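Next come two complexes built around subunit A: one with subunit B, the other with subunit C.
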Partner chain A sequence: MEDLKSDRILEIKDDISDELRKAGYAEIGACIQCGNCTASCPSGRRTAMRTRSIVREALLGLDEVLSDKELWLCTTCYTCFERCPRNIPITDIIIFLRNLAVQRGHILPNHLNLCRMFYDTGHGVPINDEKWNIMRESYGVSRVPPTVHAHPKAVKEVQELISCVGFDKTIAWGKYAKKEEKAEKK
Partner chain B sequence: MPEKKLKYSFYLGCVIPNRYPFIEQSVRNVFKELGIGLIDMQGASCCPAPGVFRGFSIPLWLVVGARNISIAEENGADIVLMCNGCYATLLEVNVMLKHDKKKRDMVNEHLAKIGREFKGTIEVKHIIDVLYYDFGLDKLKDYTNIKFPNLRVGVHYGCHILKDSTHRPWHGESEDPRFFEELIEITGAKCIDYKDRLMCCGAGGAVRTASLEVSLDYTREKLENMRNVGVDCCMVCCPFCHLQLDLGQVQVNETFKDIIGEPYKIPIIYYTQLLGLSMGMNPRELGLVATHKLAGVPPFIPIKSFMDKIKEHI
Partner chain C sequence: MKIGLFLCDCGTNIAGVLDIKAIMEHFKTYPEIYVFEDKYLCAELGLNLIADEIKENKIDRVVIAACSFKLHGELFRNSIEKTGINRYLIAFANIREQNSWVHANEPMRATEKAIDQIDMAIERVKLLKPLKRRKAKITPSVLIIGGGIAGIKASLQIADAGYKVYLVEREPTIGGKMALFDKTFPTLDCSICILGPIMVEVKDHPNIELLTYSEVKEVSGYIGNFEITIEKKPRFIFEDKCVGCFEICREVCPIDVEDTFFPRKAIDVSYPQAIPLIPNILEEYCIGCKACEIACGEREAINFSQTKEIKRFKVGAIIVATGYKTFDPTILGEYNYTKYPNIITGLEMERLLNTDGPTKGVILKPSDGSIPKSISFILCVGSRNKKINHEYCSQVCCNYSVKQAILAKKQIKNLDIMIYYTDIRAIGKFCEEFYNRAREEFQIRFIKSNISTIIKSDTSNELLLRGENILDDHLFENPTELVVLAVGIEPAEGTEELAQILNISTDTYGFLLESHLKVRPSDSSVKGIYIAGAIQFPKDIPNSISQAESTASKTIALLTKGEIELDPLVVQYNRDLCDLCRLCENVCVFNAIEIENEQLHIIEANCVGCGACAAMCHKNALTVPGFTKEEIITQLKVITDKKKESPLIVTFLCNWCSYIGADLAGTSKIQYPTNTRPIHVMCTAMIDPALVFEALFNGADGVLIAGCHPQDCHYTTGFIKAENRYESIISMLEELKINNNRVKIISISAGEGQKFADTIKEFSETLKNLGPISKDLKNIK
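Moving on, here comes the complex of A and B:
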């Protein structure tokens, strides 16, 4: 019976599941671990991502759920969400867990680059080469689209909003984290 | 009684105006032909993308989404958009803020600093929703005079036009929808069912940026299932799926060259491009003829085999 030590159970922290409940995802407590989510998951067919485990780890408050790379292998196709027999908004919960992960500094370098691009231009996929302008013209649409690209003031508005919600700090934190990582490697 | 003219705020997003402008061209010209008005949304930004930015910060996603919606509110017209990702963001943000006063107050407090407000006066619609319900499938049939009975189409819905189904207009249907097939078949083309036809393209949810190989493996599976039944093209209604199946197809051919046998060469076509052809419009107005000499721009998979099939009928 030695293997059935209870220390793991005693270590259960409920801050993650508490945060989930506070954010309005109390339904997660209704999970019966049936595995419909995992069986429906197109990512789980080819990766180590197991949706059911993510839900269970979140319920148990295990921090690994936020640092595991698997959390970022969900394409948010919402198939598990649609099929959950307990009506748990699983995909929305995964998205919320990603928010918690980012708040704790778990964000991939590629994703940080996207954030910076968004901050600088207002677009997630901006015109970053004149060839796209030439291509637009060749198809008979305006050289510059009527988006933030045509309105510098609109970019400022988006930047203001990013600061308002404190996300500029998250982006900056990521920069420091990257430097620290490099320093550690040295 | 004369019918009220349909008019929408035209939300472009990122991928269409900045990478796949031929989709923009086809939509502008097809809507003109159908007599549907479009008002540009001046200064609109990224929606923000539901996979990446919503995953990073839900408050950020809400306020920037609300700013985009406020531009359409100023236009006084519902939004029409052409991207499943933009649909997921702007539809959900709109519904959430209309029904949750606490969130709306938080958002409006931030928007006030840039002189804007979310009022909750408009709806957010996908172009497929607009064509199927607002304009109407039956009325659209009257416009599709040229038929393509020899064209075999692999239909790709993409995820977020369907799911989550709570606020989508398809009556909760997410396991076996047929509305996109119905829209395609008014052109005479045949939709060929294939294994797991509703499966995700693999691009979304920040996975294309997190792990390109995982995302391409989804795409490989989709392409294989389509090739097994034999299709002349794959029809999409989302530019991110379009990118993943087009540019991604080239990357699949490279990444998985040892296991796929012959490289895939399935042309990817956006719905309004086919619709316009069936309405008798010139391929040049529908982004189907490139007049530039640029390299490294879409479409990455040549569409010539698709055009050859079409030419049999026009």
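Moving on, here comes the complex of A and C:
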């Protein structure tokens, strides 16, 4: 007979629910796991997202809540919050968990690309195709819009701001990105 | 003068937070104080200690530093009275509800606050004067409001004891909700078969006067002597002439009042077992064809010109047993209750199951009248839901749904039944067994899921329930033909108005607030008014009856005494000081002050002791014993002389609402800052603006005046008077260039503990931003 091991919940040290409490989301403790959030979730009906499981894992401090891709499938429609009988701001909690996830190095490649784009150009969605410039011209506006694009020096300012708030470190700029790229190539 | 200070540890409730030793050491340095401490002062041993020490040390005044005087105040008064000290020579320091329980994380500051509180009590007790209790006769009759099962049982018990009972019921028949049910859980015995005979007993009892179709309009007076005004709606029937052969008039009535679950004619009885068995005509439906009058013939029992009647009488006690109403699920839009006829509530299901119901007990779908092949029950609709301020569990829905599921299963072969639940709470004797039977014997399926929405199928007439099966993380859309929403329980319609008429308190959900949840569950916040049944909190039938019977016993015990001793809290008049300015005359709404031939008289019988007149009296000729300006100023001095906190808040708490609200914050352990010093007053109307300035000038950074909500005021217009005075306080503050945010007036009911804590927190923040009062006082020079 296989030996019984103690519940791994007992072994968890990293307490995500503590972080949530500190951030002012103590209400999460009142969750009774009724499942109304999952059943209300328009994303969950089409994807693997299970809102209740996210809340449960966060409460128990299970690390996979941060690493699972599910966390990023929420459309922030707030229906779960609206119907939650315990009045738990679930959507806000999911956004908080996303921040926590990124801080701990869990970021999806696409999001990372977006961040890099932002760091490099000052835009999450930059004008990186000549056809847009041509189209702008055809409408009679300047080829380059009067944003960071028109002021290359301002990019430096953006980058400075990003490093001021520590966002470059948060996403482990460079080293982390390369690792991700390698992983992707594989 | 020798003062005995008795400190209570209350186990660890007080001693676990406050440093009792330090407090004792502090007060031992006072020459006139004897300090004693006990683990539980309220226990036999503690009370004996008090008595022994009083005798041994020849103590003549007592300070009790313990729990709220609202809990054991009378007990301590009785104890010192036995030793020969006047029962009014005692003061209390509430160091539990308003200290240790709300400052659990700040033991040092809490201890300092306790020392202040005790100092205040010591200074106050020095000024107290012995008083004599008033005696009043008790009218040997009782008013019972609500003719449901609780009101009925209480009526019978009190009437059996030989006292007159006025049973007032708003509906045309007594019986309440229980009369509408088919069977009762967990025994499945027929509801009306148990209730019917008891209803008849009520009708036939010589000591019960039944007032149906009537409502309480006015109540005045006090324990033992309440004056009641009842309004009786017109039935358009001579009750003495009607013999209850209601088929005759009903048959000829051409008007069907269309209601899926409660159908009737314009002239009809509620149901065949109605008591009294007299029909009523619904004015809004009757077309005045008078066919019923002709059918009634020689009896001439129908009277179209009847109008409402007013009835007045006196009683010694009142029992409120107005029960509940079911939750209206339209507020939860996702259930589409009004959109699809095949979504019904538990009470409507009860009507379908009832043999006297619209379908004669056959379960039919309201949409097309066919028999459903599947029924789904959704539990916790409107219960355990913080979003709609229904955080409580309604106690009965699990059980009644199990019952309805079993009854449906018995009636329809091969019926598919699902019960969607969050948690099953089969509370009550034999109820868990009942729930097990539903699973074992009747194969009812239970699915752990809180349904998120009910929609209609695109392809069939079925409804779809959308949910997550919690046990396997699986999303579903389950089809069903009939949905029963197990709606929860709310306080009866009009409870708020009734609470205002009676001047009793409600809790955060609108249920009537009991005096103490554990030891006085049937006492309201007003002496002589009791509560029974589901108006206190959701209850099933057995529990409602238990409370009704205990309340009846309490009432009988009161009436049997024949006479009651009342606190002599009436205004006292000093002729020598009075300059007959007549300011007091108009402020009294109870006609207790009379000025004739240059002489002022206090009519004690009318005085309620609110002190509104005393606050107006610039000569101090009028005083309320225990609450004189001198007695309040001496407490203010204690607070401001030491000024241990900054910002320092002086909080006046009215006796009937806010003091109890502050106590509730304590019993609920809601934490708030220690920088408030509570002063108990009978009514906010007795606060002279001079007292507020006394506090500010001596160093208090802010003054909070907390009283009832204007409509709940125990003295009718007390809080409104306080608000008017607040206006003048504000303008005076402006004149003195003191920031007017330093004085705040607020309504906090007995059920609003959270609000009290929040108010203190917010007010502290405001005062912090304003800085110390000394800044503002500089302006005055």
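Some points to look at:
In the analysis below, the second predicted complex is superposed on the first by the 158 of 186 C-alpha atoms of A that agree within 3 Å, B and C clash if a C-alpha of one lies under 4 Å from a C-alpha of the other, contacts with A are read in each partner's own complex, and residues count from 1 in each chain.
Following the convention adopted for this analysis, contacts are C-beta pairs under 8 Å (C-beta built on N, C-alpha and C of every residue); 3 or more make two chains touch, one makes a residue touch a chain.
Computed from a prediction, not measured in an experiment: that's the story for all the values here.
In the model built by aligning both structures on subunit A, subunit B fits alongside subunit C without clashing. Put simply, more of the residues of subunit A are touched by B, taking subunit B and subunit C as the two choices. Contacts of A:Val148 after superposition: subunit B is touched, whereas subunit C is not reached. Contact with neither subunit B nor subunit C is seen for A:Ser17 once the two complexes are overlaid on the shared chain. The gap separating subunit B from subunit C in the superposed three-chain model is 9 Å, by closest C-alpha atoms. Subunit A residues 82 lie at the interface with subunit B in one structure and with subunit C in the other.
The touching residues of subunit B, when paired with subunit A in their complex, are 12, 14-15, 17-19, 21-22, 24-25, 28, 40-46, 48-60, 63-64, 67, 110-111, 113-114, 116, 159-160, 162-165, 174-175, 199-200, 202-207, 209-211, 214-215, 217-218, 221, 285, 287, 290-292, 294, 296-297. Looking at the complex, you find that subunit C touches subunit A at residues 334, 380, 384-387, 422-423, 448-453, 466-470, 473, 475. Remark: subunit A residues 42-43, 46-47, 69, 72-79, 81-82, 89, 91-92, 95-96, 98-99, 102, 107-108, 110-111, 114-115, 118, 122-127, 131-132, 134-136, 138-141, 145-151, 153-155, 157-158, 160-162, 164-167, 170 touch subunit B in the complex.
Interface of subunit A with subunit C (complex): residues 30, 32-36, 38-40, 44-45, 50, 52-53, 82-87.
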